Amino acid sequence: MIEFKKVWKKFGEQVVLRDLSLKIETGEIFFILGRTGAGKTVLIRMLVGLLKPDAGEVWLSGERVDLLNEEQLRAVRKKCGMIFQSPTLFDSITVFENIAFGLRRHFNLRESEIEERVLELLRLVHLEPEVSGLLPSELSFGMQKRVSLARAIALSPSYLLYDEPTTGLDPFTARQINQLILELKQKLGITSIVVSHDLESMRSVSDRVGLLENGNFLLIATPAEFEKSADPFVRKFLEAC
Amino acid sequence: MSEWVKANVKNAFLRAILIALLDILYIARLGLTFESIGRNLLRFLEVVGGIFGLHIRSLFLLFLPPYRFREMLRQMVIAGWQSIPLIAIVLGFIGLITVLELDFQLSRVVGNTDYVPGFAGILIFREFGPTVVAAMLAARVGAGWSAEIGNMKITEQIDAMLLAGVNPVKYLVVPRVVASAAMLFAMSVLGASVAFFAGWVVSRADFSFWAYYAMMAKFVKLADIGALFTKALVFSPVIPVTASWYGFRAQGGARGVGEATTKAVVTSILIIILLDFMLNALSQKLLRTVL
Amino acid sequence: MLARLLNFFSLGIFQSLGKILLSLWEMIEGVGARAIFFWDIITKIWKRPFEVREFLLQLYLVGVQSLAIVAVSGFFVGGIVALQFSYALGLFGAQVYLGGVTTSGLLREVGPVLVAIMITGRIGAFIAAELGTMKVTGQAEAIKCLGLDPIQVLVVPRFLAVVIMIFLLTIFGLLVSLVGGALVSFFMLDVSISYYLVYLLKLTTVWAFLNGMIKSFLFGILVGLLSCYEGYNAEQGAEGVGRAVNRTLVYASVVVFLTDYIVAAIASLTFTLAQEIEFPFGS
């Protein structure tokens, strides 16, 4: 379970998050929509301690994340994975080593067990096992995104944070990613927060949606309710996308 | 190889050192063979040949109009003014270290330290002045130039220049060569003076500045100052030409620029060392024939 | 243009003073930050798991990339030292000391500093660029998000590799430069072998060798620390990485010479306390 309680965040004079509260249930897929620069990425970064709020509380799985030090946060990050907007794979090592990165260091596994797990993960993200020997630079953008997803779920997290997972992908690949997000929820029970501009994804994947504007959520609703909303800004947003 | 050494090098001292060297290399298992040395040597010569060629071209173009005086001045300010603190600090330390060490050595070897200023002066003016200053400038200014030109290469500005009929060597390299010469002169003089002064600061307590100066003047001849200027002149084109040569060859985005920078710095320092050696050897030969 | 130059030089006296104080304060802050980083690295060396693979890979890369450079520069600098000392000693009529003074100078001063500077240029810049690029492309952050410590994973192996390699390469470089100095003396200066060796053993003490070794160990720590720090803390974009490389080169050079002076000063002060042992070499 994830909870933000009255969170404030300023950058210099700019107030990005204003007295924001949000509760996300276990097993939910929650979409955060909003304009560029609305603070969507800032919000999810607070969950893994990459940013700290100026005021308020951030709760993850019964723990107050904003009070933890770097070492304690490392344990948190094993539970809550993050997939960045750009794949940020380690470009000097193979796909296999990328996915196995966390596995090798956190768990005491035999080489054969690691190999098994990596291949399993590749299957989960619908990639061929032959990909494992390639370098990230030899992959397409969509494949890189899927490898970074595989790398994040290698540690069997309970939560996943996606920063614009379908941005920059063609509609076909985007649909594949969306399908994956759903599958992960269904097969592994992962709670997901997805930051996105993509209304199509929202309609097909999300359980609830929040529109972030002016430092707070203008509206939190199910996708159906969202589409029917009478709020002028929401309507403008829906039309623009 | 060690077999050859054991068989052919008669002198025990030299043999011992060479064997030790080879043992270390063997342990490092670098597969050092005559072939790999040869291959790397050829690669090195290729680089040196290319750089040498660029030297010739830029020196030739130097004397052709149009002369970009403003650009030369601009480069001088960038290269020189911003390097003053670095040169002053590093050469200051060198002065301190030189006199410290010489004090120590001479007190043990000849028993008195009267000649230290002379000895120090010779080393500073003939060697440390031009060479260390050149190395420091290669690191600071050369890195910047190779990054700059490398960046221009990967953003295709060099190609744009060629298409516009502008000669990049004339446009980019020549002003930097002139700036480098002027600045290396100035910095060598500055550096040598700073080192000399710093040396006085740590010298034997009873050396007044003028006594120190006088002792130095006894042993440092006009020829040594000449050596300073000659070396500065000879070393100066190396920095911009090497930086430009690697910059012109940068490939593969930011990483390529980084690699170009690294190689440029190291290669310029190596070339400066080689030139220094040749100049010293030449002057040694000349002295012998004169005498 | 001339007006602009004059303007540049004519900063008010208070402004200049203010700038100097500000940069002094920044310098202190900088030293502090790097000291904290250093302590961070040291404490994390012992944490499990140790990056064995990465460490070995870095050892190999650092060593192989620097070997030729150290060999070539060492050899010729050895020769240069011999040539310069022969000239200087010649003025005093003390050429007999050539072997001793050359060797001693190389072991204590020129050798360690030369290797440190060459490696700063080759490896220091490379590590700064590599870590800087990783920082700027978000790979360092990705490591954090996998619940790992980027310092433990990236910095520690590189730091240790640099420290060990500078130490080993200095030994190698010293040997090469001694050979260079000797060869130049024999072949170019017509110094006979026995002549070269006469005072060599007397002047080259184990203490001088230790001097050089301590220096190279310290240089290794400094170059490793600075290149990793600058890379790890690079600012955004390609320019940030470029600036990190530049800073590494400049700071490392200055700090190497500073340390050289400090060690030399301490050494000469403690000289009377140090035991002199003849180099165990028999004739």
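Chains: A, B and C, in written order; residue numbering restarts at 1 for each.
Here is the rule we use: contacts are C-beta pairs under 8 Å (C-beta built on N, C-alpha and C of every residue); 3 or more make two chains touch, one makes a residue touch a chain.
Note that this is a predicted model, so its numbers are computed, not measured.
**Student:** Just to be sure I understand: going only through chains that touch, what's the smallest number of steps from chain A to chain B?
**Tutor:** 2
**Student:** Quick one: point me to the chain whose Cα centre is farthest from that of chain A.
**Tutor:** Between chain A and every other chain, the largest centroid distance is to B.
**Student:** Can you tell me which chain pair comes out on top for contact count?
**Tutor:** Result of the pairwise contact count: B-C comes out on top.
**Student:** Report the chain closest to the protein's overall CA mean, measuring from each chain's own CA mean.
**Tutor:** C
**Student:** Averaging over Cα atoms per chain, report the distance between chain A and chain B in Å.
**Tutor:** About 53 Å, centre to centre.
**Student:** Distance from the CA centroid of chain B to that of chain C, rounded to the nearest Å?
**Tutor:** 16
**Student:** Where the CA atoms of chain A average out and where those of chain C average out, how many Å apart are those spots?
**Tutor:** About 45 Å, centre to centre.
**Student:** Quick one: in the complex, what on chain B touches chain C?
**Tutor:** Against chain C, the touching part of chain B is residues 11, 13-14, 17-18, 20-21, 24, 28, 30, 40, 44, 70, 73, 86, 89-90, 93-94, 96-97, 100-101, 103-105, 108-110, 115, 118-119, 122-123, 126-127, 135-136, 139-140, 143-144, 147, 151, 219, 254-255, 257-259, 261-262, 265-266, 269-270, 273-274, 276-277, 280-281, 284, 287.
**Student:** In the complex formed with chain C, which residues of chain A make contact?
**Tutor:** Within the complex, chain A touches chain C at residues 48, 50, 70, 74-78, 81-82, 84, 86, 88-91, 101-102, 105-106, 148, 151-152, 155.
**Student:** Would you mind writing out the residues of chain C in touch with chain A in their complex?
**Tutor:** Of all residues in chain C, those touching chain A are 49, 137-139, 141-149, 153.
**Student:** Per the contact definition, I'd like the list of chain C residues that touch chain B in the complex.
**Tutor:** 1, 63-64, 67-69, 72-73, 76-77, 79-80, 83-84, 86-88, 91-92, 94, 97, 100-101, 104-105, 108-109, 117-118, 120-122, 125-126, 129, 133, 168, 171-172, 175-176, 178-179, 182, 184, 188-189, 193, 197, 199, 203, 238, 241-242, 245-246, 249-250, 253-254, 257-258, 260-261, 264-265, 268, 271, 281
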